[in-house]
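Shared between the two complexes below is chain A, which pairs with chain B and chain C, respectively.
So, the complex of A and B:
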């Protein structure tokens, strides 16, 4: 349950201080390089293993991967789709990473994202507001929604010591049923044939950043801004410092006078708010309405994204791109080769497994090094 | 009224059993020091493979065997990552869930060329040899044999953990692995045994969901039961009996949920009714958790190569 081991070894979860020193010291760079190499190796191994699984199931892995790549980056609209897909994934990954920094394993990102997206969407439909204000209102509403959905698990963790892993998972299921109820029975669109809400007002839609055929919306800028803010918060503020300290070692932080319980509480709330914003950007940027199961498991993807990025907010951008590309390409793969787009989940699971066994890779490397010394 | 009571009692046993079997396995695993959140995924894989085995051979028991085997294989992955490599247990076992959901969905389309659910297969829904028993025979025979296997597993798990030297050693690894190792116990092997056992039981529970209770595999049919089993472990204070009872309690909420759904013209929307097991489990856990302390080293890695030993 405790993700400390992830942190203990990794010497550099830090985005580098921007002004004081442009190039970090060489040993830090080397450590960061090793981290990156391990993540890359894990990714390659997962792709290969995924291919083997495809072959066992009787699908040609090369055609499947080719279709995946084609669907992800093969045309301007595919690239645009990948970038748009990235947006909620960045936020979900960021949410998980922030939680992990504060020693909280938030599996509830899925539910928080769903509820946040729903509130953002409702604000987009029912609140008449001038264009300049409407989007910020939606985003605030969604962050509030995500935060509220994390509030009870966080409170139970703080006051009753009920593990957040269990409660946030249960809240995911509750969120799914709640969403199902609301879009079928309460906020139904006028025609009523679709199990979906009305479309949001034009003023609440994220404008295009790059015009068609790419059709990338401004959400990507918001996501990048969120990454930067979170990185600064974690690295440069007192609260962020306390949160990180809690993540590294709860006992030591507690004896140093840091309120561990409160920090975990805040980490979970912040994580929830980020997840909620992710839902809003997906709705107000791409889909424009909420329907049942509008999230294809962004929460679970967020776990893989954060893990592969070693909980480093800036690295989340890179890993989110990988997963966005996979999710986006999977649709074409399903159409042309008949492999379920859920194949992406297999690759995600494999990535997590390989990253978690990083110590084994390190061990092998160390062994190889020692042997080199012996024979030299 | 009597109808309602008997319906709920029978449904509680049916719905509680898969959670209870998994919870017994999870208890053993956590006692040795490894938390296995991946049981949700292991159940899913078990359910899928059970249908597959039954589909291929026409014999559902072969499916159960496959389910148990796949449980062992997948939990071995978790064991390797968390025991040998000292990786984060919660995160690694979450990978199993992803792996399993992906595999079942891809497998459904690749093997059955169907989306969402499999074709129907032969099942083991009844235990016919119990039918001749007077008075209760018909009731008892209407349960799948896996229900009775579950009870045996509970007794076996209790015996293993608390009555055998092996069980004592396993528990020692979950309390203080270093002390255990000093006493000459192979901590890695004990923990592996715990995880693999949880895989066996998780796979069996999954098989019960698909060929014991229904006659097909459906995506998302596990619906959080693997997670509920982990809650049951906490509520049952890390003993097989307690976990089993807590799981039956969750099964009861599920049964109530099912019963309310079949009431005609129920005023409560079915989505809210379906939330009952999840919400109730949180409430019950929050109410009963006071003073619950698990095995001291549960969830903590103890591995040579990661430097945590």
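So, the complex of A and C:
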């Protein structure tokens, strides 16, 4: 026994000069690997469970999933569709993730996205502007819309300590029914036969990035840019640091002099603005007008996306792709196998359940590690 | 003294990554008070857990009264005449003493509990050992000391011959500790065998017949107390010489008033006045210890000073400026470093890396920023490396989450960070709580170092030993008032204890009884 050397172990030797690393240090990699493994396992478990449900319904799960895959990635137009679908999902997921980083659970992404999309659309219809300016104006309007929709819940949280979970859920309903009223009574299209607004001007439409048959619009670039900016903000800036500190430990943050209330307030507003932008990219990129139920539940999908991505902005890109692909492939699956496209919502719900049973998965992984590869 | 009543042979217990007990041999004689001394994490609790049937050893055997036994659960242990008083009491506050004691061993018929008989039995036990417990009162009405005695009665009622006490004095005041020691002696004299687990050497020295020292899961030695002393035990426990109290002190030239608290009152949101007119001055180059029984207004005073709360009346002037109503951040900027009591709650973001924790609260300072917005990776790294070296933070990698470090190293992160901004004043709240001796002496050294540099150190501590070892002056807080400030010259624990309990107030000082 050499306790002396044992004691010195761990003490740092002469400090190495900090050098640039291309690969993150092993601890980080291992931690990230574990997180990724948990998410992947949750995803696989949901697909398997979904397959069992399909089998119970009397559908061959392999045929159904094959159709889903075909519809998602089987052709250039399918790929393009998947990517276009991804765009609002990325922003919704990013919105939820940013909120979580700052310790607010923004369930109001749906409402903020609806309001943001509406404002972006109205700017696209009613503001005459040159093409170079028109899109930025629409995007700004939508972000402002999302932000405003998050403002009251954020203010209530800051001043009255009202839980944002409740207020933002309520605001989803307000947004939904307000939209219904507005498209029927106020901003009606000329023909009047649809409960929808006019189409937006050509100058407000997102141009194509990749031409037909892919037909991918520029929105994907905007979404990726948003991810990059948010990632930089969170990881590299002092405000991001404060937001993360607040998200991990409010007590330690306030004890260190960080204004926790303000950080949560700002996290919720930022989250709202991102959600609003998501609405705009959907409207100005693919739909071109707002109608009553134009969002197929992007807010809820955003929660699943962020959960699966462990609130990592870059990972949101990946998980949003998964959900975009499923949503896009669902139509073909419905046509060829008769399984309702709402099946995708079931899988989405399963993913949330499995990610939330993270501790169970960790336990499984640990067990697998202990027994070698037997269960892996 | 009798034969070996307990004999542990080659007890080994391995947890993932740690050998908690490494071939431990221990013999306890009938009718002795045998102390088990060791630092936190040395393996004392694991060993007692094994003896009490809470855990199973991987190797080794347990002999009770010369016969090998297998203790699969505490139930087995109790059947063999073992009893344990845990550090955290296991009592139901709404039940009476009797109800608590007989729980699981009710006397009487199937349908009816024979309370009078149980009460009588408990009353007799209490009298025999001088515990002074009324079996009919509710536990919630009892003080901590009395609750501890109920725990003792509980195991005596179960006919225990061997009594194990796990850090029993942690919750007691000095007077209460004296009484507690008397009780232990009485128990021993009536033939009980006592195993006393502690890392407080003063008590170990006072009551033990023999002491076994454990370090890193191994027995370092068993000594008759008459042949050893505290200093030797400390050296055995740590494995090298430790010196508590922080070492050499220098007189500083400028000993001006740094912090001036005048007539401060604080009424909490329930309308209860928790601070009732505190006057206190902290000078440069001194360590002012604030002693008191927990819950006499320390927490409120700490929060007032660091900016978490605003006083209802009075002024707190720090460096000549009134800080009443200033934010935590502003006060921090003025030069107050705070070592909070709860490392995990207030001191660290456990999910953050060591590197990130070392700038917590300073992330907005120009020295860590590029363009005023971006954290400068290089400077953050330099800061972390420098502090890691200066404060000997052992963390393997600076990327490791702070939550993965030992308590001592976590505390080093906090102290390193708070000292790194060269503050004028340091407020240290229970800075050595839960640390092992090596880390305790490190922390105390740093406090004295700060004092010698001409900073003011305000030390809140519930450990009187620490207050007496480290402070230049001692203020005693009682019921929201500073009832006494004394120079730390020839002050005894008993004197302090008397002030802490409000029994030794001087005439005309304060009225403390209007709570």
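In this section, the second predicted complex is superposed on the first by the 343 of 376 C-alpha atoms of A that agree within 3 Å, B and C clash if a C-alpha of one lies under 4 Å from a C-alpha of the other, contacts with A are read in each partner's own complex, and residues count from 1 in each chain.
Throughout what follows, a residue touches a chain if its C-beta (ideal position, glycine included) is under 8 Å from a C-beta of that chain, and two chains touch if they have at least 3 such contacts.
Note that the structure is a prediction, hence the values are computed from the model and not measured.
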| item | value |
| --- | --- |
| Chain B versus chain C as contact partner of A:252, first or second or both or neither | second |
| First, second, both or neither for A:130, with chain B first and chain C second | neither |
| Which of chain B and chain C A:165 touches, first, second, both or neither | first |
| Which of chain B and chain C A:238 touches, first, second, both or neither | second |
| Chain B versus chain C, judged by how many residues of chain A each one touches | B |
| Interface residues of chain A shared between complexes with chain B and chain C | 3 |
| In the complex with chain A, residue positions of chain B that touch it | 35, 37, 77, 80-82, 84-92, 94-103, 105-111, 113, 115, 223-224, 227, 230-231, 234, 269, 271-272, 274-275, 278-279, 281-282, 285-286, 289-290, 299-301, 303, 305-308 |
| Sites on chain C touched by chain A in the complex | 216, 239, 306-308, 327-329, 332-333, 338, 340, 342, 345-352, 356, 359-361, 363-364, 368-369, 373-375, 378, 381-382, 385-386, 388-389, 392, 394-397, 399-400 |
| Contact footprint of chain B on chain A as seen in their complex | 1-6, 9, 53, 57-59, 105, 107, 152, 156, 160-163, 165-167, 169-171, 173-174, 177-178, 180-181, 184-185, 297, 300, 303-304, 307, 338-340, 342-353, 356-360, 362-363 |
| Footprint of chain C on chain A - complex, ascending | 3, 7, 10-12, 15, 18, 25, 27-28, 236-239, 241-242, 244-245, 248-249, 251-259 |
